[in-house]
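Below are the structure tokens for one structure; questions will follow.
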Amino acid sequence: MRKYVLKRLAQVMVILFCILTILFVLFRLAPGDPVTRMVDPEMTPEESQHLIEQLGLDKPIWTQYLIYLKNCSTGQFGYSIHYGEPVAKVIWEKLPNTILLFTTAVLLSAMVGISWGKIAAWRKGKATDLVLTIAALVTHTLFLPWLALLLVWIFAYQLDWFPITGMVSDEVWLDPTAGFFTKAADVLYHMVLPLTTLFLIHFGSYLLVMRSSMLDTLKEDYIVLARAKGLKERDIRNKHAAPNAWLPVVTSVGLSLAFSINGGALTETVFSWPGIGRELVFAVSQNDYPLAQACFMLISTVVLMSNVVVDVLYAYLDPRIRY
Amino acid sequence: MARHYKFACFTCKVVAAALLAVVLFGLAPASQAASNGMLKVGVLEEPKSLNLWLASDAWSNRVLSMIYQPLFVREPKDSKLVPWLAAGEPVYDAGKMTYTLKLRPAKWSDGTDFTAEDVVFTGKIIKEFKIPRQSSKFSFIEDIVAVDKHTVRFELKRPKAIFLTRTLTTPIVQKKQWEKVVAEARKSEKPLSALLRQAVDHPVGTGPFMLAQWKKGVFVYMKANPYFFGKGQVIEGYKMGPYIKGIIFKVFGTADAAVLALRKGSIDFYWNSIQAGYLDQLKGDSDIKLFVSKKSGLYYLGFNLRKAPFDDMALRQAVATIIDKEFIIKRILQGYGEVLYSVIPPGNTFYYNPDVPKYGYGMNHDQRIKKAYEILKAAGYSWEVPPVNGQGQVQKAKDIRLPDGDPMKEFVILTPPADYDPHRAMSGQLIQEWLRAMGMPAVSRPMAFGALIQKVKGQHDFDCFILGYGKLSLDPGYLRSFFHSAMNKANGWNMSGYESAAYDALATESNNAMDLNLRRKMIMELQKIVMTAVPYIPLYNPTIIEGVRVDRFTGWVQMLDGIGNIWSFCDIKPK
Amino acid sequence: MALLTVENLGIGYQTAKGLLKAVDGVNFTLEPGHSLGLVGESGCGKTTIGMALMGLLPPNGRITEGRIILDGLEISAMSEDELRKVRWNKVSMIFQAAMNALNPVKRISAQMAEAIQVHRPEVDDHQAMERVEGLFNLVGLPLERLYDFPHQYSGGMKQRAIIAMALALNPKLVIADEPTTALDVIVQDQILKETKELQRQFNIGIIFISHDISIVADVCHQIGVMYAGQLVESGPAEEVFFNSQHPYTQALVRSFPTLAGPKTKLAPIPGEPPNLTGTIPGCRFCDRCPKDTASCKLDHPQWRQVGPGHHVLCDHC
Amino acid sequence: MSQSRENKTILQLERVSRFYRTRGNVFRGGGRLVVALNEINLSLRAGEIFGLVGESGSGKTTCGRLIVRLEEADQGCITLNGEDITHLKGKKLRDYRRQVQMVFQDPYQSLNPQVTIADSVAEPLITNKVGSPLDHMERVLKVLNTAGLSPAEDYVYRFPHQLSGGQRQRVAIARAIILEPSLLVADEPTSMLDASYSAQIFEILQGVRDKMGATIMFITHSMASARYLCDRIGVIYRGHLVEQGPAEQVINAPRHPYTKALIDATPKFGRAAEVPTYGTLLAAERPATTSAGCPFFRRCALAERLLCAGTYPPWHQVGPGQVALCHLLEDAAPAVNSG
Amino acid sequence: MQQATIKDLKAKRRALWRQRFMENWRVFMHNPLGRIGISLLIMFGLMAVCSYIPPMIDPMYHPMTGVDPKVVSSVGPSWQHWLGTDFMGRDIFSQLLAGARVAFLVGVSAAFMSVVLGTAVGMTAGYMGRFTDTALMRLADMIMVLPTLLVVLMLAALFGQLSIWMIVLMIALFRWPGVSRIIRAQTLSLKQRPFIDAARVSGASHLRIIFRHIMPNVLPLAFLYMTFRVTSAIVIEAGLAFLGFGDPGTVSWGMMLQWVWKTGHMFQAPYWLLPPGICISLITLSFYMLGRAMDEVLDPRLRDETQAG
């Protein structure tokens, strides 16, 4: 097991290195550099040149690459051109926000999707199944930003139940009497709509995956055996079918993570949620290489690592799999 | 196995229950007490940095302009420069080429005195580190001397018009706060980049407000500065406050959220120009007052004069004739903008020359085409199907040919993409259609901003482009930058490649003229020259529409570039 | 009293192409402690009968006519709840594919204990494990493999575990559905011997379902030969083999190679069984029957007694 | 029957071995070497049906696959008509395969579900560029008739899933014999089928031998089938050939304990009394002492600890054409309970 | 053989394929999802075809450049503009029609390219095994962890605005690994199947085995994945356009949403906010339904459910 994990980690490192290099090449190939885009008539060409030299953008590409690798290996990723701060610092400020929103959303939708998928498969062909499947299909295929806009329009604007965007309200955070729980509650209050958006988009896919996996499982002979043994239907479903059926779902969660992150970035953008996804979109539009590279690396690392974790978890959960 | 599954289910249920509980708890109304007497300002983005030397963006400036103050500022009525940290007009010694300036007694927000040393320090580090955007304002200054605690003397190498308008409006930083930083930066291999990368968490300034708290991505909270030098004083007829306890800049990612927040009362002022689409709703709201202000902006179509076909002045003039700027303003800006005929916007009343060639002024579509047809025909252009037929009627033209008989090759109008600025992208589309009606093979292509600048400014590899400046300096020094042949180089500001010896001489002279009226005359002349050669076709200058709530604060001061200015913030009072 | 009585049993599956009559008019009885072998080609309905006895027909299958009476209880008229109490308690099953019949993610012992505890809630975990150990000894599984997962067992061990599980509650009837199909000859032999031994020991009634007539012949007291959903011949094992009357049984017996006896030429059965969707007039075997006459195609054959306890569904024997 | 034909050896296996390396295991480390075949010596005579009998995992399928070159032998050599075919490649391999064909165990898997019967059967003709397309159809119809699918026109344009298992296996046989190979390897062709179909398949195989003169290697786990179909039988145990000889002789007078155990285990079909039982198999395996001894030592009830555990047994001639691999042949216990 | 028999056989062959198709079609249409999906797709197809009509009626209906001379701001639905106009007086309905065309163009071509690429890579990797397999699959792993939308967005921002064909190409280039993983797994399992051995014994070459035996078995799966890739391509393009990185010269539904969002009309112009979103969601839904119905056609297990067990 340890050998397997180490091997996978080594693979992850190699892949990360490749991504790192490709990112570097892409950003250097792109026309225009961060200094060129400062179109301020007050900036003279001499000043631009000086700034380029100071930012090290005039160095030979190999030197830049080595510096870049050094920066990445220390986890610092250099300085953000836009913020003028160490990239690591910028990212650490936004990362918890993304983790809070995204992890909660994925967990919540996985939980609901899996348990509803279980029920839908169990009642295949009945009204419950039809309603759940159609609901899953429809919400799963909704266009995320549009759904987000719609939710804002209805719940924040028309009904005024929730704040329109943002993550916290200044009233609460500037109130010296507000304790930790008040602040936490405030964040969660702001989180309701983005969370709902992500949840609606994601739970459908988990539901559908779980449903089909469960249907496969239900065809197995051990389900018939369980029934023959006189087990209650509920026990057959929960003790025999579900534990087998949710294993493939675990893998699919891992594999779909990269795609979910697209949705995460869109959600963060629409709701002005100060997270990594929004930061990446912003950094990209600002040609802030170091920041965009670091955000990208972070996302790739997270996806890669969660795939490793999922694989190891799978091996751990399923007694049949031994590497 | 089943155990794992059960455990996972259980964990999820606990998480869900906890979330639900906290969400319900959170629905309880938040306390409003803390924000009484605070002005809440909505902004789209947060400041990129509080390091004055790095922060060049509009959003940082909104915050930093409350903190760092210059010696002179523009007053609201006529946009004239008035003493701010300075105690009076500078005294010029023509012989020695020095300016001597008295400073107001003022204090930094940490309570220490503001002295001539600070001014000297600021000037010196700008010169030393060649700080972008600032160093050109100081390059002609030989030395800055602190005569005494409240007197400072600038010694110039040569006369320079921007000394008064630009150098003296540079914000002053505190020597005490920056000294150490600068010393460290000097030691490093790349002093400038070390300086720019310096995190400034608590900027110390002389302005009416000081930073209290910055929650990244959410808000910037500024308290009133108890040491503000202007407090209680009357400057230019305004009795200075600030009368409010503080300002909270709330960051909204998108305009619609900010406008909604304004309507719902969670902000008092949205410090950004409101798009026309929102106006109908806002106009109907009695709690909201709209201010429509002029802006010092320039949006233009530029040509590449270095190569065919736009090296031909007649063609450029014809294009200028065809473009219906009124239509652009009516449609794309939905009426909120003014037509530009000169490269200096009319809002800059002192330098604006209303008497330049106005191509196509007052003409309708057919007249424009006929006029352009005349110009081009006279210059030797021909068509497969001319835009005007034998009966003098306008028709769809086909395949224009250059005077030498070659067909005109397809040319591209580069514009910024729609997400960056929809107005410019769409103007490009409209212009493309108009030019095609003349038989010109125009293609409008939006291009990412960085790439566009690289092509136009860096490589000079383009035909036409549409760019613009939202906040053009009131000092017309840019006329030299834009069209002087010395600036016709890679990354130079003369992107069109316009070259004229007469213009060069006059522009240089105007920039060195210390006499305002003389300079004004020269600037007028320069505008005329430019608008005859039309390397740029000025298109429009949008107006700024800003909205405030009237239920909590009054006393907004309107000036060029809107009500978001230091005078407003020093002057508004709670109701 | 008979342990099991099946009267005129008909079972149909609802399919896209209409009702498929998988079992039609099957009658038989089984005395306690006796074994009955059901033989036939795949698709002849033998597994369907086995499932019907457990009350485990798939959702699209239902008993269209007839009754199943087990130990005085009418299985065919029971609700799901009642059935649940009967299953494994009175009638248990040894499944066809042992490798798939065990839940791959649960330990063998847990799966066996579960069967006990479902029906005997008063049995605590410790007692249940004791019982499981007893069962392991009974079928000759090593105790140290008690806590293994199914995939760690060989095919024969899995089959033994299934047999042990089937005996967990001392049922009166065990249905063995092709219990040795996937096994090697030697293992198959051992399992069959054990089954026979356990049956004798606990006096269990067994219904043994197989397509392999040679296996059934070894194990069972009585044989029922099935063809296309019908029982075509039934009787004591010796009778059916050495004195088979129905042409299908005869063909079946002759088509099997044996080790014993003279090496005769095998007689393959030509053709394929009929499609069971819709109604079939006349004898279902007549297309493949050497004795087929014109009337066979038209008239349903009648049951006739041809020997002591030996019945056959054919008009010509 | 074998007597009536010339006794020419068509296929010869000489000390053929095949090893598999198990995949590395994270918990236990690297892969182990598993012996699938251990120095097998075999020769098939032209026109005979040779039965290779053994349990699953005994290496009998591997042996078949080596012969048709689906796998490569790790040691030893295989000759067909005197020509070494162990390492053929390219065109020579293709030529070889015109002479040697195989019928696979599972007819549900050995036909491509997306290809019609006609195309499946014609494939060997196409790949070997035999005849014209028109010619192909004619031969396909003919060979399908030979394989007992008539009228063949009804079957050619169907997909495998539209046929029953028995019919599919006949199609598979038809494909194997369309090139009229001189050697046919039939790998348990009936084990996946209902018992009632086996007789049909046996009949066809016999027909192939009789009418086309092909030699057939019939791989099976059933002694009864082997007895019925084969001229000669080889018994294989965990990669070791343990007994070989004329079919009747091996079945009626088995000499190796394992052969006896196999016969014991075969269902007797209601005639238990007529067949002797030998009781040579241990109830539980005994632990191995060394790897050098008799391969059957661990399960052999008769084994002598010193002799059998320590040395590899020699071949003994035990009858006309019958050989066995056992130490204990001279003083083998007489059959018990012989009736 | 007589000509008659040959003719007869040819007819039989045709009948076979027709029957096969009809059978699949029946199973497909039996599925309500399939029916709904097909009808929706036909509707969108009609929209795409109709998108050529409005500019022919009057240039003011041109989705990109046309403006109604009488309208200067966004107005609600009227007789002249069925869905109202956008902020500069362009007809929303004709934009919606043009969006359908772009959606099909992007969806189908990107999906086709990525599926062709994915199938080729997957089959090669699965069949060749060893080093080729490892190399190709590591590449796939690498691309797989990249969030496509963000990557394309980055490229769009870096290399200037991408044209719609570049976007299509990018989506195709970044969406193949999923397909190739599935195809590779399928190829690996097919490679183990005895019919491949049978083909080898018949003397078939590697190429013949790949194209004649493996490909027909993976193609249905590839086709199935194509429908899912269509949805993801449409969603990615729309997301890109929504964030403002789409092809500015193309009217796509995502672009329409960007306009309504960026010009701040979302709270006041439901007639403009709703249609493009509904269209994107519905077209994805219909392709998804199509895929699921096809899944049923392809998966005999699901089909057999209604038959005897």
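A few comments on the model shown:
Read from first to last, the chains carry the letters A, B, C, D and E; within each, the first residue is number 1.
Following the convention adopted for this analysis, contacts are C-beta pairs under 8 Å (C-beta built on N, C-alpha and C of every residue); 3 or more make two chains touch, one makes a residue touch a chain.
Predicted model, so just to flag it, every value in this text is computed and none were measured.
With centres defined by CA atoms alone, the chain at the far end from subunit D is B. C-beta contact counts were set side by side for B-E and C-D; C-D has more. With each centre defined as the average position of its C-alpha atoms, the distance from subunit B to subunit C rounds to 89 Å. Our note on geometry: subunit B versus subunit E, Cα centroid distance of 44 Å, whole angstroms.
Once the centre of each chain is set as its mean CA position, subunit C and subunit D turn out to be 31 Å apart. Subunit A and subunit E have CA centres that are 24 Å apart. Across the assembly, subunit A contributes 30-31, 152, 157, 239, 243, 269, 287, 317-319 as residues in contact with two or more other chains.
In subunit E, the residues that reach two or more other chains under the touch definition are 157-160, 243, 261, 266-267. Contact with two or more other chains is made by no residue of subunit D. On the subunit E side of its complex with subunit D, the touching residues are 1, 5-6, 8-9, 12-13, 15-16, 20, 193-195, 197-205, 208, 212-213, 216-217, 300. Those residues of subunit D lying in contact with subunit C across their complex are 55-56, 164-167, 194-200, 202-203, 221-225, 227-229, 248, 251, 261-272, 274-275, 281.
Residues 254-256, 259-260, 275-278, 280-281, 330-332, 334-335, 417-420, 422, 425-426, 429-430, 433, 444-448, 450-452 of subunit B are the ones touching subunit E in the complex. Within the complex, the subunit A residues that touch subunit E are 11, 14-15, 18-19, 26-27, 29-31, 137-138, 140-147, 149-150, 152-153, 157, 219, 255, 258-259, 261-262, 265-266, 269, 277, 280-281, 284-285, 287, 292, 296, 299-300, 303-304, 307.
Of all the residues in subunit B, the ones that touch subunit A in their complex are 1-2, 4-5, 8-9, 12-13, 15-16, 19, 22-23, 25-28, 30-35, 40, 48-49, 51, 54, 56, 130, 132-133, 135-136, 166, 190-193, 196-199, 213, 215-219, 221, 248, 250-254, 257, 260-261, 264, 448-455, 457-458, 467, 469, 472-473, 478, 481-482, 487, 489-493.
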